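What follows is subunit A paired twice: with subunit B in the first complex and subunit C in the second.
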Partner chain A sequence: MKEKKGMTKAEKNTAMWAYLFVAPTMIGLIVLNFYPIFNTIYQAFCKTGDFGKGNTFVGFANFQSLIVGNNSSEFWQSLLNTVKYAIIEVPFSIVIALVLAVFLNRKKMHGVTVYRTIFFLPMVCAPAAVAMVWKWLYNQQFGLINNLFGTSIAWISNPSIAWISVGIIGVWSIIGYNMVLFISGLQEIPGDYYEAAEIDGATGIRQFFSITIPLLSPTTFFIVQTRIIGALTVFDLMFMVMDKTNQALPKVQSVVYVFYTYAFTNGNKGMGAAVVCLLLIFILIITLILQSCEKKFVFYN
Partner chain B sequence: MKLKKLAALILALAMVLSLAACGGSSSSSSTTTGDSSTTTASADGSYSVTELTVNIWDNNQLAGLQQIADEWTETSGVAVNINVVDWDNYWTLLEAGASGGDMPDVFWMHSNTSQMYMENDLLLNLDDYIAADDAIDLDNYYEGIVALYNSDGVQYAVPKDHDTIALLYNKAIFDEYGIDYPTDDWSWDDVYEAAAAITEAGAADGVYGFAMNTSNNQDGWYNLVQGYGGEVITEDHSDTTIDSDEAKAGMEMMRQILTVSVDQTTVAETGTDSLFMSGKVAMITQGSWMVYSFYTAENSADYYWVEIPYCDANGNGECDDGERVSSYNGLGWAAAYSVADPQAAYDLISWFCAYEQQVEQAELGVTMAGYIGADEAFSEAFGDMDVSAFLKVEEDGTLYFRPYTRNTTVWEDALQQTGCFLDAWLDPSDPDLMSQACDNAGTIIRNAIAEE
Partner chain C sequence: MESAKARDRLNSVIIHAILVIFSIIMIVPFAWMILTALKTNQEAISVSPFYIFPHNGWHWENFATVWKSYNFLILYKNTLLMIFFRVLCACLTATMAGYAFGRLKFPGKNALFSLVLIQMMVPSQIFIIPQYLMVSSLGMLNTMFGLVFPGIVTAFGTYLLKTGYQGLPRDLEEAAAIDGCNIGQQFLRIMMPLTRSSMVSLGIFTAVFAFKDLMWPMIVCSQATTTTLSAALAKMQGQYSSDYPAMMAAAALAVLPMVIIYIIFQKQFVEGIATSGGKL
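Take a look at the complex of A and B:
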């Protein structure tokens, strides 16, 4: 005999309302996120036709070309470039932001809000505009940096330093955002700990390493995780700062830049889709590693 | 209580519907517009639309074209809204619009991509409209441009303009170092000698004789390849002879000039036109579509145009038949297949391309005409600046159509980068690098054509 486990009328009513209220979000997610994701994965296995018409299934041919075939050197180089960019952007932007946050969290200081605003400003500017300004600062002939120091360094054309130059722009533009997150994290820490530490005679630096850093670790972990993902998907900086005929471009272009070249410049959507699929897998692996580290390094009160 | 519930329900529904409408609108328009092209407006000039959107990529031409379009609005009553999207993003946007069914009504077509758009039926078939129109007879337009926008016997665009290449020099720099001015009779060897002298004399001031980027193909090194007898793309668009001895001789000339030109790291950061306008470079080659920006530059009184130098392939010191070559290309006015009122879109195209407006376009200095014999006024359009060099080359020299294949961008971009000509540009002192780059270019182009 089958046991009937139907819902009561009231329960059905509640469920309907629940569905109705999540519907706007769900529909948005399905139309704008899920459908494109699955369509992209599908296209990665296709030789795509012009204007999204006439896709032919080619199996792993795109992936093979990227991993071991004709396009492999470009793809692996771009992945290396992206990782190098992340290695500059993530640690520096976090350390500098943390130090700034600690200073700007002191209520006694005059003009705290002014400083906070100044450091947050790059976040408000359009990334493309930021990149354009830096492009001119870095210009070898007419740039402000070279003029100021009387040097003639090809900041963005020398393959061995261009990736650092681009990384610096990334650090500069993200510091304010990280700083605001750190400040909010700092304000969660109860003042009693510091008072107790002071009574015990701990110095400011000791307090910082023994109280601030451990208690701030949830915030730090959040920032590390989101910044790594953000850095691995960087595109606009390279795109705006570097000309196509720049000799340093192959040593700087990120994975997403390569995706853009394949998918939009060359109109090869299938290859582009395969590039982002590989990037997705890479980011998933990194995130899994990070998640498994969480218990070791993060202290939740 | 009931009222509240009802209100909440209506609100929620409205939200859902508006969201669904957002997501669905693009796909629904692409399915319905396919047959909307059969609904034509009445022939007496009353249109079913009140506005046409037009996309172009050259900001310099906006004012002149808007003026011509506004004159059409006066008689037709249809407003014309011209948007400028820069070259790189123009194609990204147009392709996305074409895939999603949301293209501008009327827009420019270019040799790089026209074949792809025509084959996929994304452009409005203009045959019937042209046949019924007294103002347009395709025989009056440059043959190469008409043919470019024709696929399987169907005409998809009407030539808007054509362009040629000339040499631009800064008189002030030649005066300063006491070098003779370039003339219409110069060969590329003369350019090399003058550039060498200026680069040497100007070393202390950071002034160079010449500048060319790998991206200067149509207005630059293509002309040397073709002038020395090579072909970037063969006439049937199926092969290249860029790795032939003739083409290599042309690129060898290019290499020598590069040894006395601005280095590649500089031109990659600052465009050759910007370098010229800041008085750092004495000579560059430029296309006729660029005249306006030099005309409006600060020191334009010092700028002079002469004919593009000839390629002295046989070394006799004279300009023989076929030694002076300039690429030419022409844009076409096309309409989207899905345009709401095809008659209105076509009438605007017809207006832009008719003889009077082609003359006006030249007079306003927008560009040279696509209509043969309509651009005499162009050489007068820039006051004291004499731009007749662009017109003279059509009589003195040979024009070849800008090389294109079905998907030009793929190989064109690859040629500019490392693994091809960029290597030679970075170290022009090594002749082997340039020769190797020509070989690589041949492989790149053939592979790209095979993929098409």
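Take a look at the complex of A and C:
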């Protein structure tokens, strides 16, 4: 190893230890993550032979098929579905979680632990199980929801409402997580701000909008960002709720669902890789937009 | 003064009412899962009358039937082992790398750490096809190694532990160095024990997300004897979609162990998952 001049023996010794310590993680990241990134991009330009073997280079054929060709209607619809899902999940789960967090963060509040434990419960449950239960709740003939309200709505097989039904499951699943993040954000706001506002005679709602919202904006921004990325890669709920035979599937399935179908159900790895590359580009664009919003809307002291 | 007190009381009644309504919304799906699991299929699909509670006794034997016919013992064993190995690997590799990134000076540190950050920014679906092909070409489909494979190292855990190590006081190593400890000894005896809370957070976080994972076990372990609870549920749903009590019993068996552990250690769970998420 050629060291830079000026490194003392002790510094070299430290560097040796450091390389030893980071080696397992770095080797792992290269094999498990960085090689796969490039390999996925490469495969996106290939046509997969049987059993995932015998890739033949086909240039932009997969992308062309997804963007303007045979698969384009399915792909663009799935992207639209994913965005629609995010439009349900992200704002509702965040607004409800914020309200609940503000309630639980009140002075002399009783039962905080019990409420928190209940709201957080879906976070430790396998989405596969959660989705099975919701599918049963939504059942058109025998489901609890329709029987309770005396309706007979096809919650998950009517293409025009199924995306909302799936979005509701998403909101239900994530409220508790967002709420806990909001609570820890709220606890970092110094109490003197509220005391000063109280002396000035500001009401609770006034305090919420002029103190809580601006001072909480770093937390809110973080949650918005992670929720958007999470919603754009939704899979488990959709996969479990929407059967292959469900007529609403084309109007609900997410991009990752389409990726799974292409790559693993149909065994067309090249097409799956192309889908996931387009998803990556989409997510990077969203991330860049969010980063530029951060400067405008987030208030850091 | 009196009216302010009365207003406070009214506020708190309204707030509790809202919280209770939301609590009910959160609990109903779980309650309905258990209630359905205890019915006969005839009761479950009876509409007029519609039964909320089991009508002809509580059929606890549904759980035993499902347990046996889906071989839950093996599913539990697979899931538990996968969680165990993933937590072990994540904690071991992340604590070492986190220490180096958080406390030691070495050439190339920022470049290497930027790889960690890039991994965290990229959606994980992009890794899956090559990871699957690697496991497949090693002949490791339907093995425990295959299940654990993507979780051998963790960029997120490295980041979390790095933050943990950076939070420790400055002069710890100097005192240890004066006592003649080399860096390995400093790490093992002094530094690592002090980041126990970050390790617990990472362990819980890893365990819960390994438990919830669906796509990876479905892909690498398609056989009923090698797969995990989540992936097995997906399979069952396809096969037995009209036996509702059986499906709900299966779903309950799949979530209950984690729910019970969560209720016992709820403080550690909430902190472990949420605070590690919050540090991202």
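One rule holds for everything that comes next: the second predicted complex is superposed on the first by the 294 of 301 C-alpha atoms of A that agree within 3 Å, B and C clash if a C-alpha of one lies under 4 Å from a C-alpha of the other, contacts with A are read in each partner's own complex, and residues count from 1 in each chain.
Following the convention adopted for this analysis, a residue touches a chain if its C-beta (ideal position, glycine included) is under 8 Å from a C-beta of that chain, and two chains touch if they have at least 3 such contacts.
This is a predicted model, so every value here is computed, not measured.
**Q** Could you check whether subunit B and subunit C clash or fit when both are placed on subunit A?
**A** Result for subunit B and subunit C: clash.
**Q** In the superposed arrangement, does subunit B or subunit C reach more residues of subunit A?
**A** On the superposition, C touches more of the residues of subunit A.
**Q** Would you sort A:V171 into first (subunit B), second (subunit C), both or neither based on which partner it touches?
**A** neither
**Q** Given the touch rule stated above, what does A:A154 touch, subunit B (first), subunit C (second), both, or neither?
**A** first
**Q** Answer with first, second, both or neither: which of subunit B and subunit C does A:V124 touch in the superposed model?
**A** The second partner, subunit C, only.
**Q** Quick one: classify A:I88 as touching subunit B (first), subunit C (second), both or neither.
**A** neither
**Q** Which partner does A:N33 contact after superposing on A: first (subunit B), second (subunit C), both, neither?
**A** A:N33 contacts subunit C only, not subunit B.
**Q** Of the two partner chains, subunit B (first) and subunit C (second), which one does A:P250 touch, if any: first, second, both, or neither?
**A** In the superposition, A:P250 touches subunit B alone.
**Q** If you stack the two complexes on chain A, which partner ends up touching A:A231: first (subunit B), second (subunit C), both, or neither?
**A** So A:A231 meets neither subunit B nor subunit C here.
**Q** Quick one: classify A:Q140 as touching subunit B (first), subunit C (second), both or neither.
**A** In the superposition, A:Q140 touches subunit B alone.
**Q** Which partner does A:G267 reach: the first (subunit B), the second (subunit C), both, or neither?
**A** In the superposition, A:G267 contacts subunit B only.
**Q** Identify the overlap between the subunit B-contacting and the subunit C-contacting residues of subunit A.
**A** Dual-contact residues (subunit A): 21, 24, 28, 31-32, 52, 141-142, 243, 264.
**Q** Which part of subunit A faces subunit C closely enough to touch in the complex?
**A** So the residues of subunit A in touch with subunit C come to 3-4, 11, 13-15, 17-19, 21-22, 24-26, 28-37, 39-40, 43, 52, 96, 99-100, 103-104, 106, 110-111, 113, 115-130, 132-134, 136-137, 141-142, 144, 147, 172, 175-177, 180-181, 184-185, 204, 219, 222, 226, 229, 232-233, 235-236, 239-240, 243, 256, 259-260, 263-264, 269, 272-273, 276-277, 279-280, 283, 287.
**Q** Flag every residue of subunit B that touches subunit A in the complex, lowest number first.
**A** Going by the criterion above, the answer is residues 9, 12, 15-16, 19-20, 22-23, 92, 95, 98-99, 116, 119-120, 122, 206, 213-215, 264-270, 278, 280, 407, 409-410, 413, 416-418, 422, 425-426.
**Q** Spell out the residues on subunit C that touch subunit A in their complex, using ranges where they run on.
**A** Going through subunit C, the ones touching subunit A are 11-12, 15-16, 18-19, 22-23, 25-30, 32-33, 36, 44-47, 50, 92-94, 96-97, 99-101, 104-107, 109, 112, 115-116, 119, 121-134, 136, 149-150, 152-155, 158, 182-184, 187, 208, 211-212, 214-215, 218-219, 229-231, 233-234, 237-238, 241, 244, 247-248, 250-252, 254-255, 258-259, 262-263, 266-267, 269-270, 273-275, 277-278, 280.
**Q** Could you pull out which subunit A residues touch subunit B in their complex?
**A** Within the complex, subunit A touches subunit B at residues 20-21, 23-24, 27-28, 31-32, 50-53, 135, 138-142, 154, 156-158, 243-247, 249-250, 261, 264-268.
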